[in-house]
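My questions all concern the structure below.
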Amino acid sequence: MNDQKDLLRAPFELAYTYKRSNGPVMSKFFDGLGEQKILGTKSRTGKVFAPAAEFDPDTHESLSDMIEVGPGGTIESFSWIDNPKHHHLLKKPFAFALIKLDGADTSMLHMVTNCNESDLSIGSRVTASWSKTQEKRITDIQFFNLET
Amino acid sequence: MKKVAVVGYAQHPILQNAGALNEVELIMPVVHQLFADLGICQDDIDFTCSGSCDYLQGAAFAFVEGLSAIQTNPPIKESHVEMDAAWAMYESMLKIQMGDADTALIYGFGKSSPGDLDSIISLQMDPYYISPLWPDRVSLAALQARVLLDQNIITRDQMLAAVIEARVNSKNNKNALITDLIDESEYLDNTMISSPLNKLDCPPISDGSSAMIIASEDKAYEFTDHPIWIEGIDHRIESSNLGSRNLSRSNTLQVSMGQLDLNNIKFDVAELHTQFSHELPFLKSLLNLADVPTNLSGGPLVGNVMMCAGLDAIGKTFESLKENQFKHGLAHATSGPCLQHNMLVHLEKQK
Amino acid sequence: MIQAGVIGVGQTKYDAKRRDVSMAGLVREAIDNAMVAANIEWDAIDAVVLGKAPDMFEGVIMPELYLADAIGAVGKPVLRVHTAGSVGGSTAVIAASHVCSGQFKTILTITFEKQSESNATWALSPRYPFSPHINAGAGGYFAPFMREYIRRYEAPEHIGWKVAAKDRQNALKNPLAHLHIPGIDEKMVSDTPMLWDPLRYLESCPSSDGACAMVITSQDQVGSRNVAWIKGMAVRSEGTLSAGRDEVNPQAGIDCAQDIYKQAGITNPFNEIDCAEIYVPFSWYEPMWLENLGFCDLGEGWKLTDRDATAIDGEIPFNMSGGVLSSNPIGASGMIRFGEAALQVMGLAEDHQVEDAKVAMGHAYGGAAQFFAMWIVSSSLD
Amino acid sequence: MSAEDTPKDYSEYPISLEYQYTAGSATTRFLNQVREGKLVGQSCPKCKAVYVPPRGSCPRCGVATDIEVPLTDIGCIESFTVVHIPIPGNPIVPPYVCAMIRLDGTNISFLHLIQEVDIEEIRIGMRIQAVWKPKEEWAHSLENIKWFAPIDEPDIDVRTLRFQEL
């Protein structure tokens, strides 16, 4: 039943360049990144979501009140990758981290690099490092570095 | 509420690479086994429901292909969830409760071997803010592991124990993919994939399928003198905003526990859809299962068929109740990163 | 059995590219409209049921996970349905099943597709190894079935043009419809290029962005609200490549229709159903479904179309909203049929309202014309 | 990019996933024969229906089709469409005919091309035969058949093709 040697196999690629429209909230967020600003959204209860969320998960309200946060923040958790895989954007050791930007009540997932795992802990301070080109994507922030 | 019972369950041996089998060839044997066990055929089934995910194999409409495994002449009442088949079981249960069916066949299938599960699972995340960073499934789980370790909700030793016990328990599971035992030094020598998770903390890439039959109260006794009843079931989802969740807790599981009155039930056995080692001690603590034998099948760490593993937790709990002097069993199924969407199923064997 | 009814239908504006909204924004637009129509607050929603066609359209796997916040599902049960093109209908049926099971009182259900994020032809048929790559889109797949229908019953070619023109004329009465083609008529349809003979360009559905939501509740929660009562609902499937399958007149469609008629106590659908929203993505499917659904005998469907029986003021109006031929966000297209049927019996269909509609049918199909979902809604419970 | 797109109202996300496709055992058996220029269907042990290309099951009965049935490359057109638009990634020039091919002795059809005939002459029920590529180009694919072309035999009444269980 599992005669692997006679099996027909061939690689194939499922590839497409998706075009994502951003809507009013994320458009402002991505425009902000172009000016090296990180924007959050503020709910009626005063909670600040960053990156700018479109909806409050608890009150269900639509969010539109934009507020600038960061660019510094605090690591809430992180996972450290010594050997990045082919799909990872960084080719050197880095962390995926949940970063609570200054002024925000929620954290944002991004990457932290240019350090060792032992340099990082929950509570570490990091700050955004910007990509050279701005493409209205979350990768316009290239990664975060430890604050010096 | 109409009572619904699990009356049969079958699982394909979990394979590292089921390349020689297409969807149909994976599904047919388990369905046939189940029919043979119960002495029935598709004509005895009122509703059929499956769970699968197109992206695992990279084929749009994988479930359409899969349906060719089932007798559909005459046409059948049938549906499909793009979720773990545990949710196909849930949908089928509703059909029985509303009186549209007395019996339901549920099947799930998944082949993770053809693609790169790590990058595929990135596409489960927020497509604007998160998936463009290509976070792999292990790194996402590791975020929660680190929070739990940092807050002393779980310990490294518990993670180690979860890995070692899973392999010990795999002897109870004839379909397990991983059966070799390991010791502490082997665990500690393993390099991190995404710290704090090493390779042994993660489930193996697995291919397989499983099937289940559930029935209304009247019908259940036609199949068996000892149906295993779905005494309680509840599932809820957490926020999609990973950064707004408190990863050290699960508000939704707390609510589900209340719905099922879990604190007043003495469970004999539990099977939890804990794909990563840290999730087992976390959920055992959260669900008050400290003294309850858990994942006697080895659980997802010895075989984790995507789109089936949740149904398998229900199936393994069913088998445990059936084969032992047990009365109450708890099954858990999950979906999404960091235990985002959880289902709890209380199964009971009435003496 | 517990009686369930639709108390709110919400739709987005349908368009080729809804570039003004994100995916979450699109689904929320329909949900907000449904919640307002139902006059209901979030805390009354017990569970959310989401449906859509393949995840490859948007490149988001199991999007209920990402959309949990937008669809107001956080802390609640959520189920994701995918039954190919019939998914909008199946999703409605499953949402109603939640209520009829007695487990839930009030369900929010939502379906969507944002096809502008990718390309439908690509997403439906990526190229796989070992297979000839001769797939020319959905139209190319279904056109041979339509040709066989035409051959069997000697149907004249203008029937297709007539359906296409009629549905687009109806769309002019529906501000939400994607296609608004002023002055549309049979001549204009017949002048458009042939794509997949016998189908011309305007005999085919567009590719749309859009979402449709409904609030479904149990009898004891209805209060004084306007309700479309669900009198019958069913799904049926048959295998794709199954020997003996009649693709022109699939048995699963016949069985599904007979099931809902029986549930609703309908013995003569032509006389007893006031109007129907039927999944017609290609013009010839109107006469084919007229027959398959038992509105007439085999071979008589095209004659009903020819004598304007399916016009908005005809004997059995089909697709008053403009149908799939005028708006086609694939994952939502079935639910739009179900929702538009509900709007008719609630008397809320505005300019495309069928006068005095009391009993309406919603229909969806998918796959290789092998998956079916249908329901009958009525203005009265009895 | 169509004319109505403006570069500013969306962001682009290239997503590329690599897979290893495996054909499954029924398809592998079939394609191994196709590689040798032979068409071998698979028959249902219960209802005897013959499937080509086989997927490993009979959806009528839900059982494996493990009986091999050698076939010829002759059959008829069950239905067809004249396609006037190109297929992305395929060099074929429209208009061309894509037909449901029903090989003799089988109970389902598959899509393939019809060539070597004026499009106006193509009919439902027309008898056709495979035109193969040169043997040295054969691979594990039905693309070994370039297309089907009419043969000089009377048309078939397609009503007689409907499968009737014995």
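By letter and in written order, the chains are A, B, C and D; residue numbering begins at 1 in each of them.
Heads up, the rule we're going with is that a contact is a pair of C-beta atoms (placed from the backbone, for glycine too) under 8 Å apart; a residue touches a chain by one contact, two chains touch by 3 or more.
Here the structure is a predicted model, which is why all the values come from computation and not from measurement.
Asker: Among the remaining chains, which ones contact both chain C and chain D?
Answerer: A, B
Asker: Considering A-B alongside A-C, which chain pair is linked by more C-beta pairs in contact?
Answerer: Most C-beta pairs in contact, of the two: A-B.
Asker: Quick one: point me to the chain whose Cα centre is farthest from that of chain A.
Answerer: That would be chain D.
Asker: What is the distance, in whole Å, between the centres of chain B and chain D, each centre taken as the mean of its C-alpha atoms?
Answerer: The answer is 38 Å.
Asker: Rounded to a whole Å, what is the gap between the Cα centroids of chain A and chain B?
Answerer: 29
Asker: As a quick test, compute the distance in whole Å between the mean CA positions of chain A and chain D.
Answerer: Computed from C-alpha means, the inter-chain centre distance equals 46 Å.
Asker: Two or more other chains in contact with one residue: find those residues in chain B.
Answerer: Counting only residues that touch two or more other chains, chain B contributes 19-21, 55, 58, 65, 67-68, 70, 72-73, 116, 119-120, 123, 127-128, 132, 239-241.
Asker: Which chain C residues sit where two or more other chains touch them?
Answerer: 17, 19-20, 22-23, 56, 58-59, 68-70, 74, 122-123, 126-130, 238-242, 244
Asker: Could you check chain D for residues that touch two or more other chains and list them?
Answerer: Each of 5, 9-11, 13, 15, 17-23, 25, 27-28, 31, 55, 59-60, 140 in chain D touches at least two other chains.
Asker: Touching residues of chain A toward chain C in the complex: what are they?
Answerer: Checking each residue of chain A against chain C gives 8, 10-12, 14, 16, 18-26, 53-58, 60, 62.
Asker: Which residues, counting only chain A, touch chain D once they are in their complex?
Answerer: 1, 3, 6-22, 30, 135-137
Asker: Which residues of chain B touch chain C in their complex?
Answerer: 1-2, 48, 53-55, 58-61, 63-65, 67-68, 70, 72-83, 87, 90-91, 93-95, 97-100, 120-121, 123-128, 131, 234-241, 251-252, 255, 335-337, 340-341
Asker: Help me check something: in the complex, which residues belonging to chain D touch chain C?
Answerer: Residue list for chain D touching chain C: 4-5, 9-10, 13, 15, 21, 23, 27, 31, 44, 47, 49-51, 55, 58-60, 78-85, 87-90, 92, 95, 98-100, 107-108, 111-113, 124, 140-143, 158, 162-165.
Asker: Under the definition above, what is the set of chain D residues touching chain A in their complex?
Answerer: For this pair, the touching residues of chain D are 5, 9-23, 25, 27-28, 31-32, 140.
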